[in-house]
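Take a look at the structures below.
Below, chain A partners chain B and then partners chain C, in two separate complexes.
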Partner chain A sequence: MTDQSMLSGNPAGKSRWFNAIDPISKLLLILDMALLSFASTNLLLEAGLITGGLLLLLFSKVSSTTVKALGFSLFLIFTMLVIQGLFYSKNQTVWFSIIGINFYKEGLIYATTLGSRVLVIILASGFFMVTTSISENAKYLEQSGLSYKTVYVLMSVCYILPEIMGNMRKIQQAQRVRGVNPQKTVIQKLKSVLPVLIPLVIKTLDQSMTRSISLQLRGFDNPNRKALKSTNRYRLVSGLHIGLTFAAIILIGWKLWTKISGLL
Partner chain B sequence: MDEDKRITLDNLSVRYRGAEDAQLKNVSATASIGQIVGIIGNSHTGKSTLCRVLAGVIPNIISAEITGSCEVLGHSPVHEWPNFNSLTGVVLQNPAGQLSGLADTVADEMAFDLINQGISEDVINKRVANVAAQMGLTDQLVQTPESLSGGQMQRLAIATAIVTQPTILIMDDPTSEMDPLGRQQFFHWLANVQSTTVFIVSSEIDDLSEIADRIWVMDDGQLVEQGTPQAVFNYLDADRQIPKPTAYQLAAGMNWHLSNGALPVTPSELKEAYDGKN
Partner chain C sequence: MAKIELQDLQFAYPGKSFNLAVKQQVFADPMTAIVGQNGAGKSTIFKLLTGLLQPDTGIIKVDGHDLADFKPVDRLKTIGITFQNPDDQLFNATVKREVEWSLSQVNDDRDANSQQADKVLANVGLAEKAAENPYDLSLSERKLLTIATVLAIDPEIYLFDEPMISLDSPSKLMLTQIFHELVADGHQVITITHDMDWVAAEFGAVCVMEHGRIQFTGTPRALFGDRGLVERVGLLPPKVMELTSMLGDSRVYLSPEDYYKQNLGK
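So, the complex of A and B:
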């Protein structure tokens, strides 16, 4: 076992297509898809972007977290559709009625556009999240020249959210076991969250402090630290960076131009 | 004995900022290099605070008022922390809190400390494999740390502390989540540790009596007893409400004494007392 590296700093085999894309390119892809979505109100384009995002997810990995995030955002989008369909300030044309309640075309199109943008961002971010581990990001950033301390601070933001959610699950599970709150409906679930918010935050902060102590004891800011050299598994890094950055600049420029020309 | 071969606490008192009472009160103790010091006591008696001072966490990471002195093998954890830290391995009370959070695998987690020290990858691989074998984690090396059970997580925390081959090992209740077999294996491993001075907080009195060279008893922030396990448990005040080793309780019930008149505290001493009686 000692003859070959057992550390994932030097990954061997088991590489899929998305492992060849570096984290920065994936982040730029999120930016480009979001910009493209915001640059137009064409619903066909939005549908295309959503399809693209879905395909990216389906051909990579679909995790339960992504499905939950999608489910939650679809619930939000549905409420947006109802609210805007009924109350959007520019509503004029009745599209359809349900039990005598009129839903307007303008509001529904507006809500669909907004909802599509949310979905595009969630799908693109979901692709990034399921295909890039926190440690991969950390290693990549460290190898790009950032100090490990800075990398850790950046990555701990990604780390703290799952930690809060994990703590919340444990607390809610304990509540259910004790029969404090059956949490069968959404209202009951929301009610169960409110009283534990402060202890939840305190517990998470306490865990962060323990981790900070441990990291200092383990010498994470040691000046002798040398990141393991990993074989470069990323492909077309420069090309992707340049292409995606260029696309982002074009999209921002185009959006600005349309705004400015609209003012003139 | 040379100062660099001793652990000396002299009138050590610690009070956390904002706290009314001191958590450690005039603690004075000694131990020698290579010894295993078992620290026992009931809850909130200052055991973890003592570990924090010995590891240099207080006052270097957690702020507190310290009076008196603490010298460990010629180093002061209070005043020479960066150098001292490179000599120590620390196992915290909560094993999950000890993990970096940025490791994909158990092997990566173990390697973290070594990477921080700038050690070459070949050496890291050898050390990780060696420590994993010692802690019974070889089959888990490619698993994620989060997938481990509580006991395995604790063994991983110990592995991360010993992988740097520390001179001083400080462990705060390292077996609290282990099953009986895991605990037995851990104490068997600890009994065979060499060239390392060990401070271990534990409530496993039987195991500590067998492996510890010295026992320190904490009560209300004070070190109320210190000495060999036999001496400590034979003279420990019953009012302290600290359980005695099973061998001691059995021997007391049967009135089996050692040749020196003391009651035995380990199975081997119990056998000796039994043989002496018959």
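So, the complex of A and C:
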């Protein structure tokens, strides 16, 4: 899956269960899952949250980008387990040994807790990213009262960045066949950046100019422009917002209370 | 003339359903056009030939030597390519410097490079614009400039990806003339194009691609004589054939001159 398609999310026309959840509720869900994970040190709860995140992804859509992000974070977590298992400052109890090297229980539990939190955040964010398209976000923000110009500026970042990345790949290929190859020294590397950077900047500016002109011609600045009418497909919006916000406040309060009570 | 040979070539883009599979293909004609609908695999073949993509299996040979064994400089001297969009390749401050930069990738002699750049720019009609910034040129001129950067190196094989797009009529005639001169000098020209009139009138061989497979290789006359194939792969016959078939003549005509020769020139 490309960056663009990842950001574009689910295809239009197909209505699935996650399409009934509005983008703000999905963002609040990420917040709640992350807060719950950070508020607890219980590994069973962390396992439950990871399972929940995985199920959310499996029942919605698994993208190759999410799988890559998970693969990379699992590699980091493994590194963290090894380092903390060996060198965590509170290590006391030897849990097991591999070829004479002792791994400590305290460090491994600490690293597992941290790693679980990372996984929970990645899984929850992955759910949001693969189930919410840019146009859905834009429509929702506009319907929520934000000016369409502000929404365009916010959302154009999501469209333009993948476009720039795509342009860069094309330009890199076009320059490679002219003889620009990966260089070894810093000066050589800097020299090989120019052939990519100059066309990229010019192309991006040119595309921005074209986009701006075409938007003007399509009446972007029209003072009579009205916001899109709501398709009203989201369910339980108020209930979800109130419930998830309340849960977030409770979790923040709980975390603060445990910190304060620890100091007293 | 150098000869490109593809053997048991397979390539798939990660995460995409498209896959290219070529059992055996030899590009033997000095002027070959690769045609087919968008997504047929034409540009993928070009990227494999220039080393931008590596085949999953199979070998690409140039004059019997595995292309994978070529050093970057040797590859530049053997195969030159221009892409569709000239703006992806231009970055120097002047038109002449752009051509000299390409030359400097294969030759360190600045004086010789300067002379060669002047000569090539004159060939493509850009001699008077040598001191201008490439981005001040028209799109047609920028396209000719990217072609000049390849002509300057004088590789054995030229690959052109849609060279006629965005060229005005005089530039199209000039480029066709340059192609014939290259062929006369013993070079090979392989071109991706959708312009069937041009293919029919100027090329010695056509290679038709569909869904990552080569469906046909032969002369334009043989291709346009097989109306079933032409229709199936979504190609349009040359305009002269469209007209003559409306008039009830089912013979193959590659150009108005060909029509004249077959009917009136006897």
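Just so we're on the same page, the second predicted complex is superposed on the first by the 179 of 264 C-alpha atoms of A that agree within 3 Å, B and C clash if a C-alpha of one lies under 4 Å from a C-alpha of the other, contacts with A are read in each partner's own complex, and residues count from 1 in each chain.
The rule is short, and it goes like this: contacts are C-beta pairs under 8 Å (C-beta built on N, C-alpha and C of every residue); 3 or more make two chains touch, one makes a residue touch a chain.
From a predicted model like this one, the values you see are computed outputs, not experimental measurements.
Within the superposed three-chain model, A:Ile134 lies in touch with chain B and out of touch with chain C [touch as defined at top].
In the superposition on chain A, contact of A:Lys259 is made with neither chain B nor chain C. Of the two partner chains, chain C is the only one that A:Arg176 touches; chain B does not reach it. In the superposition on chain A, the chain among chain B and chain C reaching more residues of chain A is B.
When both complexes are overlaid on chain A, the residue A:Arg218 reaches chain B alone and has no touch with chain C. In the superposition on chain A, the residues of chain A contacted by chain B and by chain C overlap at 1.
By the touch rule above, chain A contacts chain B in their complex via residues 1-2, 4-10, 133-136, 138, 152, 155-156, 159, 207, 210-220, 222, 224-229. Chain C meets chain A in the complex at residues 15, 47, 50, 52, 72-73, 76, 80-81, 83, 85, 87-91, 101-102, 105-106, 135, 149. Residues of chain B touching chain A in their complex: 55, 57, 60-62, 85-86, 88, 90, 92, 94, 96-105, 107-108, 111-113, 115-118, 121, 124-126, 128-129, 138, 141-142, 160. Put simply, chain A touches chain C in their complex at residues 1, 64, 167, 170-171, 173-179, 181, 194-195, 197-199, 202-203, 206.
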